[in-house]
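Note that the chains are named A, B, C and D in the order they appear, and that numbering of residues resets to 1 at the start of each chain.
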Amino acid sequence: MFIAMKPHATAAEYEAVVEKIRALGLTPHPITGIERKVVAVIGHTSGLDPEDLFGSMPGVAEALRVSQPFKLVSREVKEEDTVVDVGGVPLGGKAIAVMAGPCSVESREQILEAAHAVKAAGATFLRGGAFKPRTSPYEFQGLREEGLKLLAEAREATGLKVVTEVKDTETLPMVAEYADVLQVGARNMQNYSLLERLGTVAKPVLLKRGLSATIKEWLMAAEYIVAKGNPRVALCERGIRTFETMTRNTLDINAVPVLKALTHLPVVVDPSHGIGLRQHVPAIARAGVAAGADALIIEVHPHPEKALSDGHQSLTPAEFGELMRQVRVIAGAVGRSVL
Amino acid sequence: MFIAMKPHATAAEYEAVVEKIRALGLTPHPITGIERKVVAVIGHTSGLDPEDLFGSMPGVAEALRVSQPFKLVSREVKEEDTVVDVGGVPLGGKAIAVMAGPCSVESREQILEAAHAVKAAGATFLRGGAFKPRTSPYEFQGLREEGLKLLAEAREATGLKVVTEVKDTETLPMVAEYADVLQVGARNMQNYSLLERLGTVAKPVLLKRGLSATIKEWLMAAEYIVAKGNPRVALCERGIRTFETMTRNTLDINAVPVLKALTHLPVVVDPSHGIGLRQHVPAIARAGVAAGADALIIEVHPHPEKALSDGHQSLTPAEFGELMRQVRVIAGAVGRSVL
Amino acid sequence: MFIAMKPHATAAEYEAVVEKIRALGLTPHPITGIERKVVAVIGHTSGLDPEDLFGSMPGVAEALRVSQPFKLVSREVKEEDTVVDVGGVPLGGKAIAVMAGPCSVESREQILEAAHAVKAAGATFLRGGAFKPRTSPYEFQGLREEGLKLLAEAREATGLKVVTEVKDTETLPMVAEYADVLQVGARNMQNYSLLERLGTVAKPVLLKRGLSATIKEWLMAAEYIVAKGNPRVALCERGIRTFETMTRNTLDINAVPVLKALTHLPVVVDPSHGIGLRQHVPAIARAGVAAGADALIIEVHPHPEKALSDGHQSLTPAEFGELMRQVRVIAGAVGRSVL
Amino acid sequence: MFIAMKPHATAAEYEAVVEKIRALGLTPHPITGIERKVVAVIGHTSGLDPEDLFGSMPGVAEALRVSQPFKLVSREVKEEDTVVDVGGVPLGGKAIAVMAGPCSVESREQILEAAHAVKAAGATFLRGGAFKPRTSPYEFQGLREEGLKLLAEAREATGLKVVTEVKDTETLPMVAEYADVLQVGARNMQNYSLLERLGTVAKPVLLKRGLSATIKEWLMAAEYIVAKGNPRVALCERGIRTFETMTRNTLDINAVPVLKALTHLPVVVDPSHGIGLRQHVPAIARAGVAAGADALIIEVHPHPEKALSDGHQSLTPAEFGELMRQVRVIAGAVGRSVL
C-alpha cells in the first residue's frame, strides 16, 4: 500500500498519516520525490482498504494498493529517475557512465596498467574482482584483501571510482571499506541475508541479475536492499540462461526498456558476461546504449591472453577505446551523453 | 568438404575438380565469390580425406573439411556479404532496409493507408500477412488470396516491395505469384518439405528463427533452401522462448553479431514480435541496428487499437516516423546508412 | 462455448439445440460421452452469453463458456478417457500399450528382426521411420516408400500395428496407406496445414510435443486435428528443450499428470528421445508409467551399434525385455496392466 | 587428478604417495572405499602428468586425470553408493527414505499434529522450515529459533529425524544445534561461503538444485562441501525453471538416473516443489522412485487450506498415506524397499 500526499500538503498532515500507519502496527517508509511526498506502507496490509483508511485524511491525494509486489523501487512510487551519487560521480541520469577493468585483480602492475588505460579511453569507474565466487572449489578465488588494497591504490592513481564484488556478509565490512560500489554477483541475487545487510551499508550497490531470475524477482531483490534503508541501488543485466549454447549467456536486451519503465533505479548493461565472446562485446555494448541503458560495465585487460579469468571475453585497451567512440555517437542518437 | 580454387585458376583446372567430385559419387555445388571460386562437396564425405584427394590438383588452393555442419551459408565458403536483390532493391549490404506494415492485411483501406504511411516515413518494404498461422483453429486465419491481391495493389500504389508469409507448400505457388519476398514463420523453420520447395522458387526467402531454435539449427534450415538452389535467403531474429514472461518473447540480440560472423546472409531484426510490447519496440529496433542488423521488420498499423491481430505490438505511423529518425543516426554510428 | 444435455434428454431436444447453434451462424460439434451428449459450439462466440441463449431450452443441463482455449480435447467437454481404436488394438484405457522398434527402417532384415524381437518381449505396436526429417539436408532421410512397404511386411509377419512418421501433406496419402498410426514429429507440431489435413484422414494420429511447446499450445495443436473431424489423437511427450545439456532433451514428466487431468486423449511417453541416453531409457520409461502414461514408445534396435540413426539411445532386445518385466510390476502398482 | 591404490597396497606404499603429493605443493584428500583406497589430489594439477609422477610407485594401480571437474563426489573416485548416516537412520542405500511435513513450522499444534501423522504413515524424517527465504521482503519469514525448538520437540515426541533449511552462515550454528539434516535451498546452491562453512559442520547436508543449475554445476556445489571435509551430502532435485508455466517448476526426472550414474551421493526427489500442484504430487513422487531416487521429501500439512505457505502443494495426511502404499509397491519393482 502507498499513500501519495498532495503537492502542497503540510508537514502536520503528513505526520498524521505517518502516525496512523504506526497505529495500525505497520511501518511507514517515506519517499521524497521532486513534486510530492509518498509514504510506502510496509507490513501485512493485504486485509486493509487503503482508500477507506487514508483516503479522506487531509493532505492525502491517493491511497492505493500496489499491484506489483515491489514498491519502493517502482516508478509508481517514485516517478523520477534515481541518480546514485558515487562520491560525487553520478550513476544514472542523462550522462552514461562507463565502468571498465579486468575480471580479477591479478597484480599491482596489471591493475594499475588497466586503470590508466580505461581512464584514458574515458571510463569513470574501475571494475575488478578481489573476491571471486567460482563454480569449482579448485579455481583461483581472488587476491582478497590484497586485491582490495590494489584497487584502492589504482583509485588514488587515477581518480576512478572502484566497483568490486562482495560475496558474503562476513567480508562485507572489509569490502565496503575499500569499494565505492558494492557489486552483488548473479549467483547471490537471492542471497537474502546478504541483501538485507547491504540495506544497512552506506555504499551504493550494483545488483546483477540472477541467471534465471525474472525481472520481477530481480526487482524484488532490489526491494530487499531499499526496504532495509539503502536507496542507492543500480541493476545490472548480465545475461540469462537459455537453451542457446553458442554464447556464454543470452544478454536480455528486452530487460533494458522494460526496467526503465517499471523502476526509477539506474540500469547497467554488462556485455562482457552477457555474450561472453570478445569479438562481439562491442556490438552488445552499443545495443545496450541504444536500448536505453544508463551505464556499461566492460571487461578490459591490458593483456587478455594472459588473464587468469575471462580473458576470452576481455577487450584490449585499444578495442575499448574504439568502442567508446561509437558509444558516444549512439548516446547522442538517444538524447544522452557519455560521462 | 569444400575446395577453394586459387584466384587465377583456369576454367579447365576448375572443371577437373568438378569431374573428380562427380566421379566419387558426390555432388559439386559451385559458389562464385568476388576473389575466387569455391566448390562445396555435398554427399557422404565423412570417410574421405580432402587434402589427399584434391590438395595436389592444379589450381586448388585448399581442400578442407568443414567443421560446421552448414556449408553454403557459412563465411568459410563465401566471405563477402550476400546482398539479396529484391527486384532492384538490395537486402543486405551497407544500407539498412526497413520493412514495415500491419500484422495482417485486413481491408483495402487499411493496407493502402498503412503502405502510404510507412513509405512516407522511409520504409522500402511493405509487410502484411494474408495467410496467418494461428495457435487456435478458431482464430482469424487471414484474407488469403484476397489479401495477396491487396498487397499487390499497395505495391502498385507505393512502389514498396511486398514481404508476406507462406505457410505451406500447397499455397506456395499462389503466394510466390504476388510476393517479392517469401517469409517463413517461426513455427515452420524446420518444416523441411517447405524449405526444400523454397529452394526451387525464384523468389527471395526471409527465414524467421524458430522459437527454440539454436543458431546452428537455424543456419541448417537456411542451408536446406540454399542447397536446393535458392541462394537468396535472409535470416530474421524474432525472439526466442525463455523463462521470462514479462515480454512476449526474448529478442536474442546476441544472435545478430554471432550470425554476422558465421554467415554471409543478411540478418534482419523483428523487434515487434521480439519484445511484443508497443512502447518498447523502438528501443529494441535501435538496439538491433546498433548490434549490426542489415534490416528491420516492424509492425505498423494506422489504427493499432482496431487491429485484428498484434495491435498491442504495432507502432502508429507517427511513432514509426520518429523511430526512423533515430535509426538513421545509429546507422551512421556503425558506418551504415538507411536505404 | 459448449452445451451439455441432460442424461435423459430426447433426440428432439438435442436437435433443437443443434438448430439454434446453426441459426446463430455457428458450427455444432457433437461429442458423445457414455453418460450424456455434449455439443461444442465452434465459431466466434466471444460476444454471446451461453446461459442466456441455451440455458432454458428443454433438455439442456448446462451452457458454459470454456475458459481454456481448447474445447474438443478437454475433459470439460468429454469426461471419460478416449480409447483410440487401432484396428482392434486399444490405445488408451486401463491397459498400457507398448510401441517399440528402430528409429529408422534400414533394411528388410533389420526391420523384421526388430519386429519379431519386440513382439516376443510384449510390444503390440512397431515403430520405425520411413521418412526422417533431419536437421541437416545432407543426412540420411529414410527409405521412403520402400521403408513403408517393409513396415507393412513386418506387420504381416508379426501382427504388430505400425506407427510411422508423416512429414508433409504431399506424402500423407502414401503414408496413410501403409501405417496404422500416423506420427507427427516435434518439429511439425505447429504445421497447421498438416494438422488440418490429418483431421480429414481415417487413421489415428500420434502427436508429439514440440521442442518448446507449452502444454496449452500442444493441446491446441490436437484441437486442430479433432476440430477438422478426426477424434483419434494421442499425445506423445518426448522431451522439451531446456538449459540442461547433459541429456539430449528434458523429458517433462510433469506433463503426464497435468495432461491426464486436462484432456481425455491418451498420453504416450517417449523415453528414448526424452533423455537420449540408452543406459537411462529404462528409468524414464518406468517413471512414465508410474506417473500415469497410457503408452510407451521406445527405440529398440537389434544391433544399436550399427544403427544409421539414434543408435546411442536404442535399447537392445534383451534390455527391452527386462524393461517390460519392470513396467508390468509398476503398471500393477498404479492399477493398470500392460496390453 | 586421483591415484587409486591396489587392493592390497601397504600402508607404507600409501604414505609414500601422500608424501609425494604434499611435496608437489598439492593437497591429498583420501577416500576410503570398500575395495581400495583412492587419493584425490587437490590443487593446480593441470600441468602435471599423473602417470609420469605416480604411475610407477609401488602399490599404485592407476594415476588418472579426472575428465569431470568434480572429483570427490564422482563415481570415478568412489564407486559404492554413499549411505549418509543420520543419527542411526540411513539416507541412501537399498531402503528408500521418506521425509515429510509442512512447508513452514507455524505453531506447536501444527507441527506436532503433522509429525504424528507422517510418522504414522511411514515417514522417518520430519521436514519443516523455521527460516524461510522469501522472494518478497514483506512476506512471512518463519518462526526462526522458536520454530527450531518446536521441531526438536516434535523429534522428541515421534523419533523422526529433523530436516530444516539453513539460509546463511550467521544462523548456521543455531540451526545445526537443532537439526539432524541441514537443507540448502535452491537459491543458495551457489552461495559458496555457505557451502564452505557447511563443509566444516558435523551434520549431513541436503543440497537442493538451483533453479537453473546444470547437473554439473550442482555436483560442483556438492564438491565444495565435501572438499572442505563433510562427506555427508545428499542431492535434492526440486524442479528447474523452463518455459512451461502450467506447473510451478519442471521436475527434471532425467536428473535422477544421470546423477545415480555420475555420483555416489544419495539422490532425493521433491515432488511438492517440483510440480507445485497438490493433485499431481503423488504421480511425480511415484515417478521419482521408479526412476531410481533414494529418498522423497514431501510437503504434508494437517490442514493445507490453512497453511501460511505452499498450501496449494501440500498433501493431507490421508493422501500421503495412500501415496506411501503405492511407493512401497514401486520400490519393490525396482529392487528397493521403503525404510
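Worth pointing out:
The definition used in the following text is that contacts are C-beta pairs under 8 Å (C-beta built on N, C-alpha and C of every residue); 3 or more make two chains touch, one makes a residue touch a chain.
On a predicted model such as this, the values are computed, not experimentally measured, just so you know.
Chains that count as touching both chain A and chain B, per the definition above, are C, D. Greatest Cα centroid separation from chain D: this falls to B. Mean C-alpha position of chain A lies 49 Å from that of chain C. Work out the mean CA point of chain B and of chain C, and you get 34 Å between them.
In chain B, the residues touching two or more other chains are 212, 241-243, 245.
Remark: chain B residues 212, 241-243, 245 touch chain D in the complex.
Chain D contributes residues 212, 214-216, 240, 242-247, 250-258, 261, 274-275, 277, 279-280, 283-284, 286-292, 326, 329-330, 332-334 to its touches with chain C in the complex. Residues 42-44, 69, 133-138, 167-170, 187-188, 190-194, 196, 211-212, 217, 220, 223-224, 227-228, 241 of chain B are the ones that touch chain C when the two sit in their complex.
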